[in-house]
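Two complexes follow with chain A in common, the first pairing it with chain B and the second with chain C.
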Partner chain A sequence: MTPVTGQYDAPRQKQRERSGILEQMWLNRFDYLYVLPAILVMLIVIAYPIYYTIDLSFFKTPPSLQLRDKIFVGTDNYAAILSSDVFWRVTMNTVVWTIASTLFAFVLGLGAALALHREFVGRGVLRAILIIPWVISAVAASYIWKWIYHSDFGVIGAVLVGLGLTDRPPNFIDSVNTVLPSLIVVNVWREFPFAMIMLMAGLQTVPEQLLRAATVDGAGAWQRFWHVTFPHLRSVSTVTILLLAVANFNSFIIPWIMTGGGPASASHIWITHIYELAFGRQRWGVAAAYSVLLFLILMAFGYFYVRALSGSERKDHGE
Partner chain B sequence: MTSLYLGRAIGRGIVVAAMTASLLTSSVLAAPPVDLSKWSPEYVRSIAGTEEFDTAADCAKVTPLDYTGRLTFWYQGVFEGDPDLLRQYYKDFFEAFRATYPNIVLEEQALTYNDLLDKFRTALLGNAGPMVVRLQILGGVEFASKGYLQELKPEDVGYSTEDFWPGAMKSVTWDGKTYGVPTNNETMAFIWNADVFKRAGLDPEKAPATWDDVVKYSKQIHDTLGISGYGLVARKNAGNTPYRFMPQLWGYGGGVFDEATASPTYSQVELNSPQSKAALQASYDMYVRDKSVPVSALTNQQADNQPLFLAGQLGMMISHPSDYNVMLDLQKKATGGDQEKAQTVIDNMRYGLVPTGPDGKRAVVFGGSNIHILQPEYVDGGKVDEPAAKAMVCFWTSPEWSLKMAYAGSNPGNLNGFKTKWMKERLDSIRFLDVTTSMLPYGVPFPALPETPEIMNIIVPDMLQNALTGTMTVDEAADDAAKKVEEIMGGGGL
Partner chain C sequence: MAHVVLKELVKTYGAFKAVNDVSLTVNDGEFVALVGPSGCGKTTTLNLIAGLLPITSGEISIGDRVVNDLDPKDRDIAMVFQNYALYPQKSVYANLAFPLQMRKLPRDEIDRKVKEAAKVLDMTHLLERKPRELSGGQQQRVALGRALVRDPAVFLMDEPLSNLDAKLRVQMRSEIKRFHQDLKATIVYVTHDQLEAVTMADKMAVMNGGFLQQYDSPAQVFAHPVNMFVASFIGSPAMSLIPLETSTSDGNAVLSGAEGWRMDLSSLNARKVQRATTSKVVLGARHSAIRLHKSAVAGAIPARAYTVEPTGDVTFVQAMLSGAIVNISVPPDIAVFPDEQIWLEFDQDRMHLFDGATEMALNAD
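And then the complex of A and B:
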């Protein structure tokens, strides 16, 4: 019968904890006052837009009406989106775009980081050169690549025709089959330096003694990488992959400038499609519903990101 | 073809009929300053330089020249495809306005054609619009119908409605009320490279007479010389696409609705009519079957076709009169042998009327821009300085400036502009102006509907891209586009 006492004690314990928290808050009230402006700003610039977008997603906004005259339609926008062919096509493009861009940028970044981790003449210069794609403006990069890819007078086409390898310049961005892979190449080119920098920082944490010990034990290059280096990079790799995935899911500039989502919507990803729905077609309600879905997916990424960060922090503290 | 909601159609029919009647009546009461029935290159030459106008004196009657105020103004400005000459006139205009109204603090912002609508819509949602805006011709009705614009007619700024093209006035009219004043109006023409024609075995001095001829010529040029024949443009969200495809669509007897008829009612979607499909088929034949047009047509704008043409890699295209000046500008920037090559192309540039359809129908987009004053509640700060706003409208739509601001690429919105000495000077200095001016009577205004920007910038280019990429057949693409138009006209659609 002893548990009975415990059952009576539990609410009191909770009450004590609650009053303890309130007491703590009261004791630290000035600290809260200091962070209040920041909290208010966050509420205005983050919480309100989120609330407004969710609210707007339940309304219809025909192009002939002002936004303030919007019509309540409940969950119709969500139903319309989920039952539309375009949604699934754009979602497939987004998945391919995000996974391929993230994967290739990470792998290329890892290779570059490993190569640049060794001492050699000109390492600094090479590192600076490799960072260039990441630091130049995405808008400028998009226009440059558009010119490189141009189906009539592009640089690649001119070189290939000049070398006699083909009669006509290859069609990179004016074909529904090649446009997405072509844009992914540009995106990977722009993003791999970010992965490289993150992983180079991670490589600094790999203990030299372990690598030397592994060498003494007869481990080859691949075994040293797989059993010593890579486990030390796991946390930074997780964070890098998550950050790249979120950035790619949210990508706008490259596909919008280079193709505007075309041809025939073959390079439309969620963000460009949402932009077109909202600003080109004034379907604010549908665009808001899309944004809410995107928000939920990104929140899931965010959750894993925070988990990965706290995991690495715990590890740093030897927990 | 499917009937839309009958009530809405009848309503529109009544409005359009009333509008037409009022236009006819008013033209009887107050005659236009020029005789539109006599319109020809000879007539335009005969009236050029016959009248003097004093802009400052005219606008002083609207807003005193010593008026003190503040004005925010957004306008569709010059872009990469415009000639340097036009850039200079834009500079001169704002200098002249500031000199004429020294006490009006003017905060102007130029935006490109493709950015203006998106930015303006966004600003309006946040009540952060400018006091005055100069929009592309297809934009006005959308904003008027939503109540963003003030009623504004030429008489409010010292001019008469008859001073402007009737087609242009349609584009600022919604539900029988006027919401703006036309600044400039344009019709494009057909441009070709005589040297390319000659080398391809075509008559170098003769433009293709019909759109079917364009398809044939394009193939012949491509097959003989290995270069692109016709400068097709099919990019989405780019004004260049409807300006080049709609003349073809109308020429074949098609349309989005019945906008190419004398009294359009916009009651029935015609995008999937046999005539419209024939027009789409012509584009398909050039892009897919014959591969005789630039492959980059799906991501290109006209600005991309210009260097191709100058490099002698493109035989013909629809274009502004300003392209002659653009070519001169580009040629100056070329170096070495390229400069000589470019000169050869310029010497061989020819302009002609836009081809007709199989039944002899000739049409071109009646383009241009209009200037509007916003309702105060949508303006940043919540106030519109009315006298300052009217001063700007008066100044830009004056005979002098509506001509100068359209010097190389367009035509004056104010018909009196054709009578100025600058028009005479322009006729002497801008080659091929005659041809594009002659196209004006064939101008068809875009449908005066709030949904038009979406139809022209998204649905029509989508239709082209779906057909040209093989994503859909020509029939399917046309049916799909017609369905989308029906949906949005019914207030739905994703």
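And then the complex of A and C:
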């Protein structure tokens, strides 16, 4: 049996363009067979949960009832979410958390990448040290940071008191005003090595001759960076920022372990909030509605990610 | 425009000497090619002149200024690179304007100079394009333009034609030559292609292993190579170098090959041979200095054709002689077949003799 893919047959391919989509599918029927196992797995582990979540988002699931006795409420869950104060606070937190974490992680990573790009003694060791935050377990790191920030026994507080800068150790994660910035610091600390690695890889592709040409043209170090290096890093920067943004939007471990969203929801972001609604308060319907909204937002991110990727590919083909 | 003087220039990387005591003078308005195989130090020398690498010792002057400690931007040079090194995100106009912007020239003057350079290089219609929208030849022209707008004292060119295809290379070769003639520019041009050096340069500096081997006009280098390296490197196909023994027969110096044949020498060549440090002498002959006979002729040496390469205009015949491959050119209407018995007659006036031990050319006086 010979698989009919039509690839080896130019006249038939031409004919195919004229015929309908069904005929095309029929001509390529063996190709579908090859991807069928993968499609089946995807349907079971991805498509069905998505369908079930959407379905669930239209029901009310009181904790007193079993899940199968859920009550259809139409779009009430969505209306309730969009009109609640908590929703807007959590959304604001998520936006601040995502933008600040992404921005600072990227800038810090860029600085580290540029510093490590130069030859100096101990570069390898320093590079290994800087990667540590990214490779250690996020759970362990969260617990350690929780202790570092601790208002009674924390290292930072002890140092500040010891230096005489303050009388009492500051409240980092027990105060509604400082908890989110404190968590962002941990998050940036944890993920800047990722940006650093991405940008270091990008820096290696900056053509040496271009930098030399700029030197001869009279550009100083900063001008060389601005006119040659940075434009060259544009694609890798776009991808890095998008990946960071998606990861930050989806963050769970650090806020959940360090504060559980508290105090008073001041450090709740979408994911922790959804988790608490679903698994803490058994409000499956509302949690599902939240998830659907989150899904839509992340799909938008995904669209830009794919566009950035294909955009850089198009440019590479042109060059 | 200005002259460039290199004095005992040395560049070492640890124990490795990349450039070894190179001294040469490029006169005002001269086109000098630095030529040699990969790793011979030619590009390093160019980068030293540009100031992109620090020198280990020696002195570089451009014009009447010693520039040893000056930054590249202060040396009044412009450079053209092998990969064009155009700024990919900038338009052609912005690429040309960049060196002027870095010098903080007024905007209208930049505009005037860019348009002037574009006109000289016939690329006014390309100014709005991005480098990736240009062909290789156009990109190289933009790179030339970026050097031109600067109005530098010296143009440094690092293998500017190596990335072009063969046809375009020939075309750009004459464009750069024309560029030099029109501008009376001082140009230092690095290439590994001896043909480029021979065809374009006023003078060529042949380098090998970090040493300057010979610095002279292409015609002189071609006609009087100072040693076996230069002899084999310059000219295509390469000069055949045949290791032989000298001996005296009836009071006259003769050469003998491994196959047992003998070659009588003219009195001038005999005098040269007598100056050899040992009995080993290498005979060098370009393809055109050897005549091929299909029957025995007095003074001709028997050999066997090895391969035959017709090129259209001329047919090259390779023969083995004394363990070396000898290249001979014959008119295309003479049919030679592989393994055919042939006789080779060397032109005594145009053949070269080298000392087998020192590899230096032998001179009569």
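Convention: the second predicted complex is superposed on the first by the 291 of 319 C-alpha atoms of A that agree within 3 Å, B and C clash if a C-alpha of one lies under 4 Å from a C-alpha of the other, contacts with A are read in each partner's own complex, and residues count from 1 in each chain.
Operating definition for what follows: a residue touches a chain if its C-beta (ideal position, glycine included) is under 8 Å from a C-beta of that chain, and two chains touch if they have at least 3 such contacts.
Remember, predicted model here, so these are calculated numbers, not experimental data.
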Three-chain arrangement built on chain A, chain B and chain C clash or fit: fit
First, second, both or neither for A:119, with chain B first and chain C second: neither
Partner chain in contact with A:219 - chain B first, chain C second, else both or neither: second
Chain C versus chain B, contacts on chain A by residue: B
Which of chain B and chain C A:228 touches, first, second, both or neither: second
Touching partner for A:151 - first (chain B), second (chain C), both, neither: first
Partner chain(s) touched by A:174 [first = chain B, second = chain C, both, neither]: first
Superposed arrangement (fit on chain A Cα atoms) - minimum chain B/chain C Cα distance in Å: 51
For the chain B and chain A complex, residues of the former touching the latter: 118, 121-122, 125, 142, 145-148, 228, 234-238, 294-299, 304, 307-308, 311, 313, 450-451, 454, 457-458, 461-462, 465-466, 468-472, 488, 491-494
Parts of chain A lying in touch with chain B, wherever the complex brings them together: 60, 62-67, 80-81, 84, 86, 146, 150-153, 168-169, 171, 173-176, 258-266, 276-277, 279-283, 286
Residues of chain C defined as touching chain A within the complex: 47, 50, 52, 71-73, 77-79, 81-83, 85, 87-90, 98-99, 102-103, 132-133, 146, 150
Residues on chain A engaged by chain C in the complex (per definition of touch): 207, 209-210, 212-219, 223, 227-228, 231-232, 234, 315, 318-319
